[in-house]
Amino acid sequence: MGARPSAASAWISGEMVCLFAVMATLPLWIEAAGLYQYLGIEIAIWMIYGLGFNLLLGYSGLPSFGHGAFFGIGAYVFGLFQAWAFESLLLGIALATVAAFAAGAVVACFLSHRRGIYFALMTIAFGQVFWFIAIKWHTVTGGEDGLLNIPRPALELGVASLPLGSNVALFYFVLLVFAVVVVALWRLVHSPFGKVLQAVRQNEERARFVGYNVWRFKWAVFSLSAAVAGLAGSLFSMAQQSAYPDVMSLHASGVIVMMTLIGGGFVSFWGPVVGVAVYFLARDVLGAVTETWLLWFGLVFVVSVLFKPEGIAGVWQERVSGVLRLRFADAPLRSGRTGDVSIVGPEHGETKDAIGQSPSGR
Amino acid sequence: MPNLVPHLLNGLSLGLLFALIALGFMLIVGVMELINLAHGSLFALGAYFAMVIIAPELSWLGSVGEGYQALPLAMRYGLAILLAPVLVAVVGMGLELCMRRTYGKKAEYGLLLTFGAALVIEEIIRLVWGPSEQYLQVPQAVSGAFLFAGLIYSKYKLFAALFAVFAILLVWLFLERTPYGAIIKAGAHDSEMVRALGINLTRLRLLVFGLGAGLAGLAGIVLTPIWGLRPHVGIDAVIPAFLIIVLGGIGSFWGAVLGGILVGLAVGITGAYASEWSLLSMYLLLIAVVTVRARGLLGRKSVLEA
Amino acid sequence: MSRRNLTRRSLLKKAGLLTAGVAATPFMGPWRYNRVYAAASDKPIVIGLTSDASGQYANSGASDRRGMQLAVSEFNKKGGVLGRKVETIHIDTETTPATGSRVAERLITRHECAFLIGAVSSGVANAISQVAQKYGTVYLNTNSSSPTESGKNCHRVKFVWDGNGTNFAQAAVKNAISAYGKKWLLMTNDYVWGHNTSKATRKLVDQFGGEIIDEILVPQGTRDFSAMLLKVQQAAPQVVAAAVGGDDQKAMRQQVSQLGLGQKMAWINNQQDWPDVYGLPIKNLFGVFGTTWYWKLDLPGVAEFVKRYQAAYPDTKIRVPGNVFYNGYMATRELLSAVERAGSTNNRKVIQQLEGLKVSARDRMQHHDAFMNPGTHQMQQTIYLATANAGTKDRDDMFKVLSQSSPAEVRDKGADAACKMESLDATPTYET
Amino acid sequence: MALFEARGIHKRFGHQVVLENIDLSFEAGRLSGIMGPNGAGKTTCFNVLTGAFKPDRGRVIFDGEDITGRSPDAIARKGISRSFQTMSLFDEYTALENVLIALPEVRGRGFNMIEPLAMDGEAADRAAAVLSRVGLSGREHRRAGDLAYGERRALEIAVALAAGPRLLFLDEPTSGLGAEATARLADLVLDLKRDYSIVVIEHDMRFLFGLADTISVIHWGQVIAGGTPDELRGNKWVQRSMLADLGGSP
């Protein structure tokens, strides 16, 4: 997941510019491509969600199977705020994000000292609890029917007020949020914090022994990721003008995992972006052709896990690095300077470690 | 204040059924350190296979087919309960062959593969048998109801609970009394040791996966007359299985049984007082237990935590 | 069959043409209201079918869709509507509201559907109708029977064709109290539809002198009913009124029939959708339940309608049409007739036609004349009570119709007050 | 007073007693050795001292402060740093990143979510210096997972060094190394000894005898002998083991 240092330290990278440019022109050609404006909004929203989610899955190695809960919390809080208080776009979004962060923070207290499967299972359990609450608490959430008639408040800029009623206007607003999220997360993953997260994923024990309080990092990243999910959820409730419990279901939470992985979240920052685009396009294009699109998609998914678990981004990186390798094939490998005290000797043969000291010998 | 005794008994029988659902899941998790998300789909597949065996479309076979259909239901049912899990085991083994590519990689890959497999199996079921509700016939002897202490109980439920006890004991005997069981138990904690014993790990995994899948199929057959049968019935099975394993402790046979019974009791008792909370009770139980005991009730340290 | 569905080939061709730029896209950029196209007579009328093809209601969704398609093909055989061919496009709504929203957006903005038809789940129906209202697209809710659909969540563009929970309760309660007794117990699916339906039942039970001794809430996703059924036995009511739907209901049926509880006390199931019970053993079909239509009603036209169904769908597993199919068919037929009467696909004109809709008993193949309530947009129709047809040899003849009630008798009286509809002027207008 | 002291440490796993009444003390500026055969409890002892396990009984005191049962990260932040026998690196990171992460100034900014780490040239220089000290110059941008075995051993030490420890624990640093590399490692440790207080676990006696100021011998979970290498040469057990180990030529 390492990027070139120059790209890593910049606010904006070449990839971002390309991505934003492509997405900014989307409303101009999406209909010509046989699709529709609204799809663009959903794709951009789920990309935000996916990027935030990958902070957990790809960067920290924490598989959450209940992340839909926070997406849903964002959606409900945004809707409820508009209904109970007053119509306000930015305040609603901020509140939704904070609420999801808070919920994430509470859940993370239970989760942060869990690892692997226990972590995954606890996320499922919490996800189900939130989902259950959304369905049961009908006086607040509207139960299974959902929270309806959520407005799309205008974007107030002091001098001007931009209505977001049309899908294109909302798309550009979501794109703006997306751009902010991309830049912020890009900074984050290259910051010391992001680097520590990746270190924790690679080797939690060592991270602890070099002095990091791993619990706090896990807690922080879970809460942050929940906040991003909540942000995406608030936008989704605007797009749909309603909030439904389904986005909190185990199935929906599984889908975001699937998207992130198909795209290649394990190997690339852009994995979830690719994955979301692929999933949505597959759903809309295949879904119109066959009612069993899920079967085909499932098969593709299985095959890709089997043969290309690094996902689409992995395939891409391999091809790019393959080209690079070819180009530099003749260049001699730089040899290390062997200092006086170096133990770096010629031998490469792996010797079997003496194991089996006591139960502690890992 | 309702009389609690029937609810406790009912919770217990439900718990045994939950334990039955969790058995196959437990074996696979314990030995292979793999969460088999396709467990639910294999569960459903077992029931569908059984349905076909009990009432097959055999008109193309002529008199042979008619002869088969004329056999008593109990016989066809017995055949189904023996044969369908074997067929599911074969499917499971096929899945295991696919799984092999993911060994040695991150545990998440196995999780994802089985997630995908669950999706595919469910869609195939839908394609073959249609999306609608199906019905699994059961022999007269175990259908109907009986009266006890003024209340009616389902005969089938009792039969299913007894069957679950029987299956649990059988698996236990297998684990305790056969060399295979000893290997599986060893494998559950130390694959290094299995290798040192000179056992073919590849075959062991195939066997375990087949066994786990077969048990899932068996649970499907037993539960279907209670839950009904539709393509997505598996999700109703995989989540409790998941929960029970974690509650009981990964890799622990008795943990799974205990976990199942506890969940059954929780659902049964909340059902008596506040039925609207009965499903949530499972999750709250899990969160409470795992918060206090990180590895579940009887769990030991697992590779999956790393 | 002449019905032109959007097949794989035609979609691909269409997409190919569009990307090749041969068919210039009519407009780019934001969706504009008031789009008025030259109503070229050769331009087909496109109807978006929004019924579920996967998820809980996949099966009912398929039945629903067959009903719509039969109606469409019958119109096309007669030469179309206003001289234009009617085309349908179906996209799966997955029994998921969020998907319903997206599909509605797609059908309206991308495929430029003139009308949307189809829903079984009230959540999905809500989601679709909200989007439809935004664009002014007329939407027919064919099979979702939550009272909120024509009450709290009604819309100017939405028309509801099924009887709702209140209607069915009206039909059942009075009779059941006199026939079975006054001690009632409610089993309520713990979500909006269940609550609303049980509320309606409770009110009626009180009104007719019955007594509710307990209400058991059934969480969605319940698979084991034994604890609740024990509770039912302990309470020993004379009548159990169940508002339990979908897979929960299927599981409950299995377990009630295993216990033989179906015979022990009277069961009233609010409504029984045909695809949910078709093919099940008759003993699973206990109690009394509501329906809007049955294929063996002794009325003119019914037998012939069943034949048309069988001719159109020789391969389907459900060999006779049921209420879900019927609702889908009737809704579509009445919509297309309304378009013909309006002489235009202009949405406001069509809405006005539908609001004034009156259908004779003969045309409805029901016992009473039916009409659209302009205040709630719900079809006011005959409601039947039925029970299992025990002892029949005909596997398809599962129901025994017990009684019928006229629209006036089963009227949902609260709906008019609850429904606050957008005005026609506030509804965007369009024509395709 | 000693820089680091362990008093009366007991540790058991289930019914198996692994450490029994262990007393150890390490002086500042010295190189202390712990040796013993495989299975003697050396690594468990290390794990207890560095916080991986909590002792059942006994005290661990660092610089006058009781650190018994503190978490590994808290102990690490006090200035105790360790390497691992089974190499424990951040395999996907480059050698430089491995060291960077361990630098105290980076650790101090662990919750900085905005400034890219790669922009911090000063930290990178310091990390490069650490790498150079263990002989890994030129390998800065290789992934740790791609390094050769000996290089990984060196990196293992570099990561421990990066924290700028007041006390450095090295867990079997020669494990898996050939004779030549072991000799080079000895040179490195001698070099480090000038700047750091070090504790080394080893079963390679020659290595330890050549380097250590004091040595404690652990066997059967107990400290059976302790002293300077010269003193220990007289110990019976040591003699027997050395004869076996070194072919009779100390």
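By letter and in written order, the chains are A, B, C and D; residue numbering begins at 1 in each of them.
Definition applied: contacts are C-beta pairs under 8 Å (C-beta built on N, C-alpha and C of every residue); 3 or more make two chains touch, one makes a residue touch a chain.
Small disclaimer: the values here were computed from a predicted structure and weren't measured.
*Asks:* Quick one: how many steps at least from chain B to chain D, stepping chain to touching chain?
*Replies:* Minimum number of steps from chain B to chain D: 2.
*Asks:* Which chain maximises the distance between its CA centroid and that of chain B?
*Replies:* It is D whose centre lies farthest from that of chain B.
*Asks:* Which two chains does the highest number of contacting C-beta pairs join?
*Replies:* A-D
*Asks:* Any idea which chain sits dead centre by C-alpha averages?
*Replies:* If we average C-alpha coordinates per chain, A lands closest to the whole-structure average.
*Asks:* Just the number, please: Cα centre separation of chain A and chain B in whole Å.
*Replies:* 33
*Asks:* Averaged over CA atoms, how far is the centre of chain A from the centre of chain C? Could you give it in whole Å?
*Replies:* 38
*Asks:* How many Å are there between the centre of chain C and the centre of chain D, using C-alpha atoms for each centre?
*Replies:* Computed from C-alpha means, the inter-chain centre distance equals 73 Å.
*Asks:* Between chain B and chain C, tell me the centre distance in angstrom, where each centre is the average of that chain's C-alpha atoms.
*Replies:* 37
*Asks:* For chain D, jot down the residues that touch at least 2 other chains.
*Replies:* Answer for chain D, listing residues that touch two or more other chains: there are none.
*Asks:* Counting only residues that touch at least two other chains, what does the list for chain C look like?
*Replies:* In chain C, residues 54, 190, 219 touch at least two other chains, as defined above.
*Asks:* Going by the touch rule set out above, which residues of chain A reach two or more other chains?
*Replies:* Touching at least two other chains: 132, 136, 294.
*Asks:* Looking at the whole structure, which two-chain pairs count as touching?
*Replies:* Touching chain pairs, listed by label, come out as A-B, A-C, A-D, B-C.
*Asks:* State the interface residues of chain A toward chain B in the complex, per the touch definition above.
*Replies:* Per the stated touch rule, the residues are 57, 61, 63, 110, 113-118, 120-122, 124-126, 128-129, 132, 136, 204, 250-251, 254, 257-258, 261, 266, 292, 294-295, 297-299, 301-302, 305-307, 309.
*Asks:* For chain C, which residues are in contact with chain A within the complex?
*Replies:* Touch list, chain C to chain A: 6, 8, 11-12, 14-15, 18-19, 21, 25, 28-31, 53-54, 89, 91-92, 96-98, 101-102, 105-106, 109-110, 122-123, 126-127, 130-131, 134, 146, 148, 153, 190-193, 195, 219-220.
*Asks:* Sort out for me which residues of chain B touch chain C in the complex.
*Replies:* Spelled out, the residues of chain B in touch with chain C are 2-3, 6-7, 10-11, 13-14, 126, 130-135, 143-145, 151-157, 225-228, 230, 232, 236, 267-272, 274-280.
*Asks:* Considering the complex alone, what residue numbers of chain B touch chain A?
*Replies:* For chain B paired with chain A, touching residues are 29, 35, 98, 101-102, 105-109, 111-113, 115-117, 119-120, 123-124, 126-127, 235, 239, 242-243, 246, 250, 276, 279-280, 283-284, 286-287, 290-291, 294-295, 302, 304-306.
*Asks:* Chain B touches which residues of chain C in the complex?
*Replies:* Touching chain B: residues 54-56, 58-59, 62, 190, 216-219, 221-224, 226-228, 230-231, 233-234, 247, 250-251, 253-255, 258-261, 264, 275-276, 278-281, 284, 317 of chain C.
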